[in-house]
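These notes open a run of structures that come right after.
You will see chain A twice below: alongside chain B first, and alongside chain C after that.
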Partner chain A sequence: MSQRRLAFFLLAPALLLVAFTTIYPLIVSLWTSFHDYNLTRSLNMGPWIGVENYTEAFKYDPDFWKVMLVTATFVILDVGLTMLVALGLAVLLLRQGFGKTFLRTILILPFAMSPALIGISWRFMLNPDFGGFARTIGAILPFMRDVDYFANPYLAMGALVSSDVWHWSPYFCFMLMGGLASIPPETQEAARIDGASAWRVFRDVTLPQLKPVLVVAIILKSVFALKVFDAIVTMTSGGPGRETTTLGYFAYQIGFRDYQFGYAAALAYILTAIMFVLSLSYMRVAFRNAP
Partner chain B sequence: MTDTPLPGTRPNTQDSSTPEQRRIRRLRRQRAMNTFEAAVMIVIIVLVLFPIGWMVATAFKSPAVVYQYTMWFEPTLENFRNIFSERWNIGKNILNSSIVAISVVIIATPLAVGAAYAFSRLMFPLKRTMFQWILLTQFIPAVAIVLPFYVMFRTLNLLDTYFALIIVNLSGVLPYAIWTIKGFIDAIPIEAEEAARIDGAGRFRVIWDIVVPMAWPGIMTAAIFCLILTWNEFLFGYLLTRQHAVPLPVGLISFVLERGTVWELVAATGIIITIPMFFFAMIIQRHFTKGMNLGAVR
Partner chain C sequence: MANISFRGVTKRWGAFVGVHELHLEVADQEFLVLLGPSGCGKTTTMRMVAGLEDPSEGEIWIGEDVVNDMSPRERDVAMVFQNYGLYPHMTVRDNIGYPLKVRGTPKAEAKAMIQAAAEKVELVPFLDRKPAALSGGQRQRVALARSLVRTPRVFLMDEPLSNLDAKLRVTMRAELKHLHHELRVTTIYVTHDQMEAMTLATRVAVMNKGIIQQLDAPEVIYNDPANLFVAGFIGSPSMNLVEGRLENGGFHAGLIAVPGVGGGNRENIVLGIRPEDVTVGAPGSGQFDMEVYTVELTGESILVTARAGKTQLTAHADRHFRCEIGERVGMSFDVARTYLFDAKSEERIRL
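Let's look at the complex of A and B:
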């Protein structure tokens, strides 16, 4: 059998499945987004209305820009904090010492947990009357006693971000550990002999060499952050008001609560476009030196 | 950690210090660092384990104690009996999740091995483009995929079925599996395959007898990752099921009642969702970093 025919034979099932489960629905979504499709009025798709669903979002829907702001805030906080925690953990874990194996083992736990479960647990933990987090915070900071976390926009956002950081930091910690371990130790050693402080060695020698891995991690985490859905449903339901409603959750609400499928498809497509730009930059970085 | 306190030395910021003084200063700083490091590690361990420990404790608390801030209580299995009772019937959700997750793994893994081998070893047109497009599909938001599927499954009367869940879950895990396994096949020396080919083995023989055993850790890693992702999946289950095919994580929602959430049952169900995944994650722990980085960073 020729290589081409064999490749076709091996690839066809997987490619067909990927095409059917992602590319096909993506095209249908795009098509839907140019139509008037409201499930409360009719079970069938309405007439072609061009880009009206998109102008609705950008021009007329006051919620849309609010949601975009929430999304940007969430992504920036989430990605920034996850990277800081993951990098700190990675540096810590790569140092020799007592308890590192144990720490590495338990770090798997948050990652293996369902985000929906983490979301609902956080809501429990932050209950001011009997929640483990809320009562502990209240004991340390008395002014935080009896605070309703999910009624306050900043605290609700903080709760959502913290749950996602808790879930994802281990994954990115392991990824950055791989990156740190592949840096030749001679460079750091040389800088140390020249009298550089530990912080200078890290900032001027280690960090620049870690940059390719770090960039990949940041883009990947941004994509994951834009995808967050489960924890929003089980923890904040997007509230208070729209304060924790990210674009993905907004599209869900428009589609599956208000049954405006056309508009929801347009919103989902705006999200897809943002992710696409991020993904392409990811590809460029990840494949820069690939064979 | 092993050095003893050194009395009588003073930190000296002038540069006139002798080498001996500098050595002492370094040791002191190191001791301070070690103490600091230990403190940080304790904080991290507490932050990781506290929410999990709280959930475990809640699952064994009787309803009266759940609403108290305490770790001292008489453990009971009542909550577990309760969730398996006819009223909540979490056993059905466990069955649903198992059927969907196992089917997804059984379908995705062999397909991914075949595709990964082609991408790793064979030459064909548009190879790089195809590979990048497969990876790109990982980044499509689920909301954009679920809408057309909802309409399609409703038309075909497939809402609330295992079939619907298996299909949509495959969309998420298959590209990931191809990506991971390809990384592991890339790392196998090609000489082993060539030797067998010279001996007259066909391609499929080579794949089955040489590539699969050598890439086994990678295949296992990919399979277990797929299992964890599908098992924990929430969005598709939330939107595409009503009562028959509801998966476990979506089952959590049923404890959110109008009069409030029944937290002890949430916690008990949470433990059932989590324990098998902890177990599987431990199995692949060694390959955890490797599997992720091979595809992501090269």
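Let's look at the complex of A and C:
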């Protein structure tokens, strides 16, 4: 048996598994998205309707654009803040010497927690009656007392973003720390001697050298943010109204609350397309120098 | 313009001492060369002047200022890093121009200054390249140009020519010498190349294990070494160092006996003599005979290494001298050019 054939046989089980778990559902849902399929009317898939489910989303469903706006808002806020917090933490953690291991260990805890648990904890902590967060904020800012965080669109979005930033910052902090640590220190030293202030060293020398890692982090986080789900289910259920309903959660509601499988499949495919583009760009950046 | 003064400067990492109680006055406009083996604390000394490393003890002065608590940019020094420290994301032009950009030098003026610095180090054709597309020697020249683009109070150069090929190194050496003559900026220059040290230095500080062994003009370092380390470190090929004893002013080591060295009777002596002060001739013609171990032709002369018992000597022979490995030859010392050292303290014994 040639080397190639042997390789193929050894890989075959894994390839089959991927085919059944990833490719098969992708094809079936694509197929579904071109059909009229509403479980409240019939258990069977209805007739082929072409791109009608897609035109429904883009042309006729006012909720769709609202949801797209919410998704964009969430992704931008979430990715931006996560990167800021992660970068800040990374710079501080690299600089300080003592208690390093201890701090780094604590820092990874949020990431080690189950997402559902994070969502529920945050909802409890933000409860105006007994939540620790809400009470503390209320004590400091009296006008915030007795505010229901999940009834206010901005606060609900804020809570959602905060919990996700809290959840993901450690992971990206470690990623950026790796990037920062691989920058040759003498480039920063040279800049200091050349007369640059700490801020300019960071802006002119550190940041440009961190860029490849940062770009990968941003793309990766955008993909993660687009598919956010557990946090919404456990904290806001997409509310108030549709104010925190992102595309993924919307597709879930359409499918499993309203049983409009055809339309839900189309929505899911729109999300998949966006993530596919992002993933492609991720691959291009991440493997730029690979053969 | 500024003098630099080290007052009892020590650098420690835990129990390890990198630089030990350094007292050193570098005069205004001086070109001081730090010379020493790898790991002796040369780079550490430079980094403390630049402000990249805090001294564990002592004060560093630049001009009228104690600079211990000053940031690198307040110190106004320019430094060439041993490993270049170029900005990989900037072109050569932007690398050289960065000190000017940070200082807000007007664009037109900066452009001319960058051009002038690039010309000095023969980098003009490479101005638009990134450092990754340059050879080691070219990168080193970028680092050099970046330090030369402005006129700081102090130049710090950490082996700035170490990666250049022999020819360019000679050219750049001359260029640096001329530049120093022109700008008269106080310079500390690190090298382990003696030629560089000898040709460039106003004074040479020979360092070992974090301690300055001798600080003198280059010719004094060469002709009048203060101790065994300096004697052995300076000169290429290095000085012959033979352990033995003095008997009635004659030097004895194993099968070797050299009369008329002086110094009466003394044990535990190291006698030093440079290869050019040892004469090789026919067996029996010198003070003692030895067996040839290797012969190396250097071009302008012949290096003969010979042995007698455990003692080994290298001599500069005339370039017409011929001998074969294993042959016996007669050797003699120019006793006026011998140096005596105490084998224990390693200090020079002056008669």
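One rule holds in what follows: the second predicted complex is superposed on the first by the 289 of 291 C-alpha atoms of A that agree within 3 Å, B and C clash if a C-alpha of one lies under 4 Å from a C-alpha of the other, contacts with A are read in each partner's own complex, and residues count from 1 in each chain.
Basically, a contact is a pair of C-beta atoms (placed from the backbone, for glycine too) under 8 Å apart; a residue touches a chain by one contact, two chains touch by 3 or more.
Fair warning: this is a prediction, and the values are worked out from it, not measured in the lab.
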* Asked: What is the contact status of A:184 with respect to chain B (first) and chain C (second): first, second, both, or neither?
  -> second
* To do: Have a look at where A:238 lands relative to chain B and chain C in the superposition and call it first, second, both or neither.
  => neither
* Asked: After lining up the shared chain so the two structures overlap, which partner does A:196 touch, if you call chain B first and chain C second: first, second, both or neither?
  -> second
* Asked: Which chain makes contact with more of the residues of chain A, chain B or else chain C?
  -> B
* May I ask you to decide whether A:209 touches chain B, chain C, both, or neither, giving the answer as first, second, both or neither? => second
* Asked: What is the shared patch of chain A, the residues that chain B and chain C both contact?
  -> none
* Mind listing the chain A positions that touch chain C in their complex? => 184, 186-187, 189-197, 200, 204-205, 208-209, 211
* **For the chain A and chain B complex, residues of the former touching the latter** => 1, 3-4, 6-8, 10-11, 13-15, 17-18, 20-26, 28-29, 32, 89, 92, 95, 97-99, 102-118, 120-125, 129-130, 132-133, 135, 166, 171, 174-175, 177-179, 212-213, 216, 220, 223, 226-227, 229-230, 233-234, 248, 251-252, 255-256, 261, 264-265, 267-269, 271-272, 275-276, 278-280, 282-283, 286-287, 289-290
* Over in the complex, which chain B residues touch chain A? Could you list them? => 34, 37-38, 40-41, 44-45, 47-52, 54-55, 58, 66-69, 111-112, 114-115, 117-119, 122-125, 127, 130, 132, 134-152, 167-168, 170-171, 174-175, 178, 203, 228, 231-232, 234-235, 238-239, 248-250, 252-253, 256, 261, 263, 266-267, 270, 273-274, 277-278, 280-282, 285, 288-290, 292-293, 296-298
* Residue ranges of chain C touching chain A (in the complex, touch as defined) -> 50-52, 71-73, 76-79, 81, 83-89, 98-99, 102-103, 146
